[in-house]
Structures are given as structure tokens and as C-alpha cells.
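Same chain, two partners: subunit A is paired with subunit B first, then with subunit C.
== the complex of A and B ==
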């Protein structure tokens, strides 16, 4: 009679030691299931369906087998390559202006003794503004006759471009919008890194007689490389997916004369205005490959580890 | 082990319940459908596009109270005992993809479908309406001329049929500012101006206004959507976009001499327009007391009358027709029809709704509450239309003379290519001839591609 409770205790221990982890891990899987289902339904299925569609001539419902014809259409389309050029052009200049400028602003904010948080808020405000709203405001800012930018350019005696009304300057209008919108994010990320650089490095260099500029060039910048790499990679991924602002300003064709049509706008134009879902899906996969290759190149270039 | 299975099972049940509640997978039928009446148990889902609201609201321009779509719901349900009407509204923004998604998912019985020619009928998504029309002896003559024919389209068997009946109209016309004309001492536009008349008068009224001293522009048109102007200019010379409704029979005339003359005319006109036309900038003062534009091309009715009334410009704004060919036809056919989904489970009730949309009650409601242009002839007798006869009479004339059947490429690549190439010509990036040749080539490729989609 006495041994029975002991056996039960032992059994319980076994149960505690072996069964509970299994059961609890199973329950965790159940908790993960909604997110997993969401990923399956809203990411994996559309990705696979898009691959299927890229191999069909389809207007959404039904369709006929096309093989690789849609890929051939996309890759031989001058509009597609023009949209790739626009995407890279806008992305490149946005990046090359915003990252150095954001870093310089961040360094200046980091150096000021007063109102640091005020400047952080001021510069970060554009980034929290919805890009759609910002794009609409920019159409007024860049108005050829009534825009504030041309007003100031005129005041200082500079030529006043047509901005959004001319294919030559429309891309620069988008770059300006991109710089204005993204610079706050770049400043905040750079500031976080600047504040993480050990003050001892600066103290030691001061003892060695280094000037402020030398400290900035030989201590600050080398310590910022990881942040620059992060900004470069995330910036490029975002730039290659650019759509909202060009759609608001130039519509699906990137008016005027497709001058600001990006690859995603090209996909949208073919998918949702022309109902050529096969071509749109093929273009999506080509874009995926472009982003993949370019990101791998950027990772290699910046020596960043995933 | 038993306990773990039990826990697992109960967790799964809870998860399913949570998913059910989260996704709102409740049947639209059971919970809300009525038990008595001729149409008992039937729930009709109707999709409508525009600024429509179910509840009463306030017009942001006039400040007047606007009755919500519940007015239609109540009336329809009263006339069809037992039926339940569910109206799904969507804004114009993104309506093409939203409609496509709804049709693909069989989400409604009746759709408002301005993009009827986007292949829905051809792919068998829509129910032909002729059998319902015949069965009911429904009188199509009640509609404004050309409005029914304009929406006829090709079915899966390649035959042209009625798949949609108009719910509200849309058209294009020319507006002009009589004060600017008077200031410059230029005679008002004629009711049917020619291309040359517009060019000449635009030229005369560009520069410093002799009375006010302010900069005036002779003309304005949307450089973002200049495609309709080119096609209409070709129609003015008895040309056309082309012919054929079926993709294998479609012939395009975009590189025709008439189109080229039309594009050159537009380039000449652009000299007398503000600088920002290709990005739709420069017309900010239009329909205000400080207006600086003499002639506005390719205008639509929209909320035009309420804007004019709210600014007190009734006596100042004149209206003229777009170009017609020698047969009296020309201009964009637009608007919205109601169509019936092939997979609708309540086709008779869906037909009742389409018929209901042609009643005085329905048409008057849309006109008086949302300024939607009526498509029935009887509308001309309404007091609210007579009160606006200055604009509504020419609008009704324009409604009955557009190019029909409507351009079958209106929702396809040719339109976007034409838009883009004309912009190229307007900004000097490409010669007019090369621009139109590009459009012709791309349009032929598009038709071939569409043929493959079938």
C-alpha cells in the first residue's frame, strides 16, 4: 500500500520529464498556427500563384498556357527596361544624396549641446508623413508657376524648371521627394550609431592632437560603416519597390511620357489597367531576380553578413 | 497522453473559433434574410462605385445634406417584399482591380461596371440581359439615345449583346469663360465649334488681359489624359480610332492622317496653354472668380453644376459640344452600366434591381443627391433638370451623340500608350508621326496578346 503512491510519483516524474515538453511544444505550434496560416495564405500562395500566372496568358480568370513567352515579352519590352532605368536612376540619386547628407545632419545634431531632441523630431517628421500625402503636397511645391520652390529659385536668379511637366526634370522631382521623405530615417539611424561610438576613442585622439575633422574622418566614418551598409541595402530594396509616390504623381504610366514609371508601376499598369496578368507576373519575377542579384552584390560590396 | 490530446483538441477548437470570429465568415443569407414575401430568403448584393454613402452625409462643396443609399435600399425592399438588399460601395480610386477581385470571387449579384469592355462578358462572367428584357417586355426606349447601344459588348461566342444597362451617364464637352471672351472682345464659342475656331480663339485670348492686365491662357486641356482629344479630333475630320470589337477583327487607325492632324492641332494649342498641362497643373483658378483660362477642353459633368452654382458663375460659364463627324457622332462614350453576374443565385431579383435603376425614383435620387447624370429621357421633364437647363440641355445632347459602340481599348494598353506618346510629343521628346506609329504598333501587339488570353 505504501509503495503505490511512490510509483505514482515516479510515473508523474517520468511524465513531467518526458511528456510535458512534447505537449507544451505542440501547444506552441498551435499558437504559431494563425501566423503560419496567414503566411501560407497571403504570402506563399500569392507567390506560387504569381509564378503560375507568369506562365499563362491570363486576364485574371482562365487563360492559356504561354510557357516562357511572357518573360520574353517583358525582357524584350523597351518600356520595361525604361522603367528599370527610371527605378535605378531615382534610387541611385536618392541614395547618394540622402545617406551622406543624413550622416552630416546626424553628426551636426550629435554635436549640438541644446535642442538635440527638437532637431531629431523636426528631421524625422517627413518620414512619419504618409508618402501619398507628401506626394500630393509636392505637386504644389513643384508647381511651375505657383510652387514655392520655383519662387525661391526665381528670387535667387536661378532658372525655374517645369518639374513634373517635363520628362527631363520629373525624375528629379521624385528624387527630391524621396530625399525629403527618407532623410529623417537616415538621420535617426546614423545618430543611434554615432551615440554608440566609444568616447574613449575621441579622448585618445584628442590627446594625440587630432582635429575635429580628423576625428570625424578617421574615427567616426570608419565606425559608421555597418550603418551605411544597412542603409544602402534597405534603401536599395525600398528604391527598387518604389510605387506609391510615382503612382500618385504620374499615374500607372508614370506621366509625362513614362519618365517616372518604375518597375512596380509597369507591373501595375499591365496587371490592373491592361489585365495582362501573365506579363505582370513575369515582370514581378524578373524584378525579384533583379532585387536578389543587386542585394547580393550590395552585401558583397559592403561585406555585410546576414 | 489523453490530457495532452484533449488540450491540443481544445486549443484547435479555440483557434478555429477565433479565426471564424476574426475573419467574419458569417453567411450573408441566414442571419439577415426575411422569411415572408415573394422574394423571401433572397439577399441581393449590389456593388456601386463612386462617392456613395449608405448613411446620410453632408456635401463638402455645397454644405447640403445628402441622403444615403439607404433611401434606395428601403424603397427596393419595400417594392420587393422579402428581399434583402446589400450594397457594397467603393471609391473610384482603384475600382478596376477591386471590381476584378470581386468578380473573380463571386462577391456580388450586380456590379456597376464602367469597365465593361475589360473582358468580363467575353470570359463568361456576365449574364446576357436580352432574355430578361424580352420576358418583361422592358422598354429600352426609355433610355437616352445611344446609351444602351454604347454598352453592347462581345460575349464568349463572339456575338455582340446587351450585358449591361446604363445607370448614370457621362460625357465630354467644352466649357468657356464668357467674361474672358468679353474682356478680349472675342465672340462666344459656337454650339458646335470646329478645331480651327478653337485654335484661333485660343490664340486671340493668350497674353495680358486687356481689362484686368493679368496673364490669360487661351485654352487648357489635361496633358495627363490627352488621348480623348486626339481621337475626337480625328472624328472631327471623319476619321476614327479604327474598327472591330473582337480582338481578331480589330483594326487601329492611330497612325492615320486624321490622327496626325489632330495631334499637330493639339501641339499648336499647347502654345496657348499654361506650362504645367502635362502634369495637370495650371488650371487651379478655373471655376473661380479669378479664372485666367478662356476655353477648357474635354470636360465632364461630375460635380460641375454644383461647383458652378457654389461659386455663382452660372452666367459666366458657357458650354459647347465636342467635335462630331458628318453623321453627328463623336466623342468619348462613358458612364456606368449595371451588369448581372453569371454566377448570381438570384438572377430574377438582380434583374429587378437593374429595372429599378431605370425608374424615375432611382434616377432622380442619383441626380439630386449625387449629381449623377440621368440616362432616361423622362429626366428632361423634372424640375430639378429644367432649373439647370443651361447646362443640362447640352449635356443631354452630348449624351446622345458619342461614338458608339464605345472604344473597346478604353481600359487597355492602347489608351495608356496613346496617353504616353502624346505626352512625349507635347514635351518635344518624340515627333508626332513617330509617336502615333508607336501607338499603332503597341495597339496591334495588345490585341494579339488579348486574343491569346481568351
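== the complex of A and C ==
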């Protein structure tokens, strides 16, 4: 231990090119102490302990060795796979609607000649409200008989679904809420990156006689691929952890009829309403692996460098 | 002549974009407008006003009076405020210190430690939920605010942002202070800390949003109604009443959402910049 700090001291002296009193590099660990204390207590320990719990029959204290029994229970539970299906279904449609729509809005805001900032502020507003408050408002907005959405749909002659009262349409209610809440974020990220595209590209193509639409298709969109990849990856990480709004609207079981129960809601149901810590921990590890694999898959798909 | 049609085309395309954005922006705002309108309708607790009206038939403060008299919302504001302020202080401090060490420090294990910090970004909350619950349970800290702000110490993204920020500040500042024999802590606090304004503001905003809206973890840790944060209070109210008591629910939503919206309107430039920074590719 003693010789190593000396060596780094010597190195730093060489780097500085000075011959001054020796400085200790230990001080840097003091700078990092708060963060690493946190990482140890709230990251490393819980992740390992969670792995241990998943291998035990546990409801809090102690517990008996269970091997992979908890994983077997989870992986053979149709309720679990149903929650995986719900999570992916909601996430997929939220993503495929919000990213293109948000990009189109961002392009319009970026090119409109006036009130740019006004639109930026307005479109981002839903994202500022807590998703829990938004879910609370949406239980009424989406009410089949008294809700304002069905009132509008009826006015323009569209069908008026039962939304949250019907397991068949409940997921779409959550998707709608997700789109409304997330679109502002997509717009802000797209706008920031749109403004980072070099104006020279546009100038050159204008000289070549390209129309605005052609520029959008052949310059803007190819230059935004990295941004779409970023949104897809962060969007999926968030979507796979969806809980708040489905808990407020459908409770831990995701009513009606488990139609909106997400994986995290399944974990919450077993961990904190049933106190089946072993099963809940196994489910969290399965979710963890799903997130990792899916993120890797997205990184590959979008050819983004880690 | 050609210039004239070009000008015309410019105005027409801008007008179309403007109107389209205005209509869509209005549609996005409808839930908020409706929320406030229903909040002022006393009869909405029995029968939601239908068809929807912008100004209710008999506007009254009835629902708001009940929300204020009950007082739970004020307590929730105070609770959320305490937790958020503590989280912001801890999170920003640990990010600034950590980011500075990774940017300017020379020490053993720097690379590995930085990778560990980035690795924390990959680890979701859910696998940690139960062990952290057990840990704070053993420490007798359930139903206190400690478990809610202590984990704010871990802010991998904050450290990353700070490191990038300090990387752009010149090393020459350090070197001259070192000549004068200043300590590393002294250099940080006297020379670099006063320059951290912009990045600290960004971190404050991001940590504030994250902490204010946090839901799963407080839901697990707090079950004393007196300690509920705003999202917890809203969720428990919403679950108790479902789609009955529309007027009261909307008044409560208004009281919890409108102050945040006003704060946002004042700080919108900084908030939008901070969010954009979190998604700018290098």
C-alpha cells in the first residue's frame, strides 16, 4: 500500500514538471467518498442481497434455501408472462406513436417563424406534471360516459371505447396517457438535436435546388438517427419499469382483470402486498435480465456504440 | 415575381404550421383546462358536468375549500419539500465532488471507479427495492424521511455531467494554486466551486424533478398518512374514490399541479435546457 501512492505522486510530479512538496493522491478518495458510500449501500449490497433472497424461501427474516424454485414459480406463472406481455405491448405502442409524432412536432416548431418558444413551453407542459397526478386526471378524461375524450370522439363521429372499464381497451388508455405525458420530452430532445445539425448541409442542398420536404427527408432524418436511438433506448428502459400510472389507475393487480398489470406491478403485488420476498426477488432478477438483454438488443439494432 | 410567390409560399407554410401547432397544443392542454373547470363545479361530485363546459354552470370554491380545510395537501407539500431539498443537497454535492475527482484527480483505480459509476446507470430500482426496504426496516427508519433522500447520494448521471463540465475548465487554474501550496479541498472550494453555477443549476433541476415525482420507493417506505408526499397522497385519494367525487378530485389535482406549472413557467428556459442537455449526444 505504501509504495503505490508514492509512485503516483512521482508520476504526477513528472506530469506537472515541477519539483514541489509531494502531494497525496489519497485526498481524491475523500472527494469520491459520498458517491461510493451511496453506491455500496444502495447499489452493490441491495443487488447482491436481492440475488440471495431470490434463492431463498423468504418472507422477511431468515428463510430456507430454495434453489431455483422461486425462478421456476415465476417463469411458469401465466400471470407473470401476462404482465410481461402488457409491459411490452404498452411500451411498443407508446414508442411507435410518440417518437415519430414528437419528431414531426419538433420539426414544425423548429421551422415555424414565430412563437417557437411558446410552443416549446406548451408541448413540454404535460411532462412537467407528475405522472401520478396525470393518471388521476386521466381516470376522468377517459371515463366512458362523462369523460371529455369520448365527448370529443362522439362529436367528430368516432367510436367511443370503454377505455379503462374494459380489459380489451384498458391498455390503450395507458398508451394514450403515456403518449400525452412523454411527447414533450421527445420534442425537447429532438429540438435540441435538430438545432445541432450543421446549417451548411442545408445551405449546400438549397443551392442544389432541393425542396424543404426533400431536405427534411434526406438531410434531417438521417442526421437524427442517433437521437431516435437514444429515445428508443431510454424510452424502453423507462417503459419496462412502468408502474406509477398503472398502480394509480388499476392498483397492484392492474385491474380490470390484470389487463394493465406491468412487471413492476407484479413484483409489487408479490413483494409488498403478499410479502413473498423470494418470488418477488426472482421476478426482479428476471426483469433485470430482460432490461439488460433488451437494451443490448436495442443498442445493436440502432448500431449505437456503448 | 418569383420572389413574390416565394414570399407567399413562406407565409402560407408558416401559417399552416402555426395553426396545426396551435390546435395540437390546445388538445394537449385540454386535460388541464378541464381539470380546473371541473374543480370549480360543486355538482361534479355527484354528476360530472356533461357535456363538458369551460365555465361551470354554478362556479364555486366549494371543492377547493374542502381540500384546504382538510389540510392534508399542505402537509404533503411540506413533506415533499423536505425530501426534495435534502435529496437535491446530497445529490448535487456528491455529483460535484465526484465529477471533480474524475476530471482533475490522478489516483489509482480511477478508470475502474468511473466505470462503476456509469454502471449504476444500468441498474434499475426494482431489484433493490426489497433489500433496501429490509435494510431500513432493520435500522428502524421506515416511516422516516431518511430512506427517501439518502439514496440520492448515488447520482451516476450527475457525476458524468459534472466530469464533462470540469473537463472543459482549464487545469491552469489548479496548477497556479498548487504552486501557492493550496490543498486539493481548498482548490476545489475556492477556485472551481464558484465556477459550477450552470452545471449545479442543471443538477438541481434534474434532481428536483426526479425527487418530487418519485413514487415507488416512497410508496414502499411510508405508510403513515401524515408523512405522505404529494404523489402518494394523490394516489391514495384516487384509489379510495375512483371516479366518484369528480369535483374534489379535480380540485385536488389542480392544487397539486398548478404551483408546479407556475414554477415551470418561470424557470422554463433553464428546465428545458437541462432536459435537453440530458439527451444531447456528444
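Quick note on the criterion: the second predicted complex is superposed on the first by the 282 of 306 C-alpha atoms of A that agree within 3 Å, B and C clash if a C-alpha of one lies under 4 Å from a C-alpha of the other, contacts with A are read in each partner's own complex, and residues count from 1 in each chain.
Rule of thumb we're sticking to: a contact is a pair of C-beta atoms (placed from the backbone, for glycine too) under 8 Å apart; a residue touches a chain by one contact, two chains touch by 3 or more.
Please read these numbers as outputs of a predicted model, since none were measured by experiment.
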First, second, both or neither for A:139, with subunit B first and subunit C second: both
Contacts of A:27 with subunit B and subunit C, given as first, second, both or neither: both
First (subunit B), second (subunit C), both or neither touched by A:162: first
Subunit B versus subunit C as contact partner of A:204, first or second or both or neither: neither
Which superposed partner A:272 touches (first subunit B, second subunit C, both, neither): both
Partner chain in contact with A:258 - subunit B first, subunit C second, else both or neither: first
Chain touching more of subunit A, residue-wise (subunit B, subunit C): C
First (subunit B), second (subunit C), both or neither touched by A:151: second
First, second, both or neither for A:68, with subunit B first and subunit C second: neither
Touching partner for A:122 - first (subunit B), second (subunit C), both, neither: second
Overlap of the subunit B and subunit C footprints on subunit A, listed as residue numbers: 23, 26-27, 30-31, 34, 37, 60, 139, 143, 145-146, 251, 271-272
Contacting residues of subunit A [partner subunit C, same complex]: 4-5, 8, 11-12, 15-16, 18, 20-21, 23, 25-32, 34-39, 41-43, 45-47, 49-50, 53, 60, 105, 108-109, 111-115, 119-126, 128-141, 143, 145-146, 148, 151, 180, 183, 185, 188-189, 191-193, 196, 212, 226-227, 230-231, 234, 237, 240-241, 243-244, 247-248, 251, 264, 267-268, 271-272, 277, 280-281, 284-285, 287-288, 291-292, 295
List of subunit A residues in touch with subunit B within their complex: 19, 22-23, 26-27, 30-31, 33-34, 37, 57-64, 66, 73, 139, 143-146, 162-167, 170, 249-253, 255-258, 269-276, 278-279
In the complex with subunit A, residue positions of subunit C that touch it: 10, 13-14, 17-18, 20-21, 24-25, 28-32, 34-35, 38, 47-48, 50-52, 90, 93-95, 97-98, 100-102, 105-108, 110, 113, 116-117, 120, 122-135, 150-155, 159, 175, 178-179, 181, 183-185, 188, 209, 212-213, 215-216, 219-220, 230-231, 234-235, 237-239, 242-243, 246, 249-250, 252-253, 256-257, 260-261, 264-265, 268, 271-272, 275-277, 279-281
Subunit B - residues contacting subunit A, complex: 1, 3-4, 7-8, 11-12, 15, 18-19, 94, 96-97, 100, 103-104, 118-119, 123, 125, 223-224, 274-279, 281-282, 284, 411-413, 416, 419-421, 423-424, 426-427, 429-430, 446, 449-450, 452-454
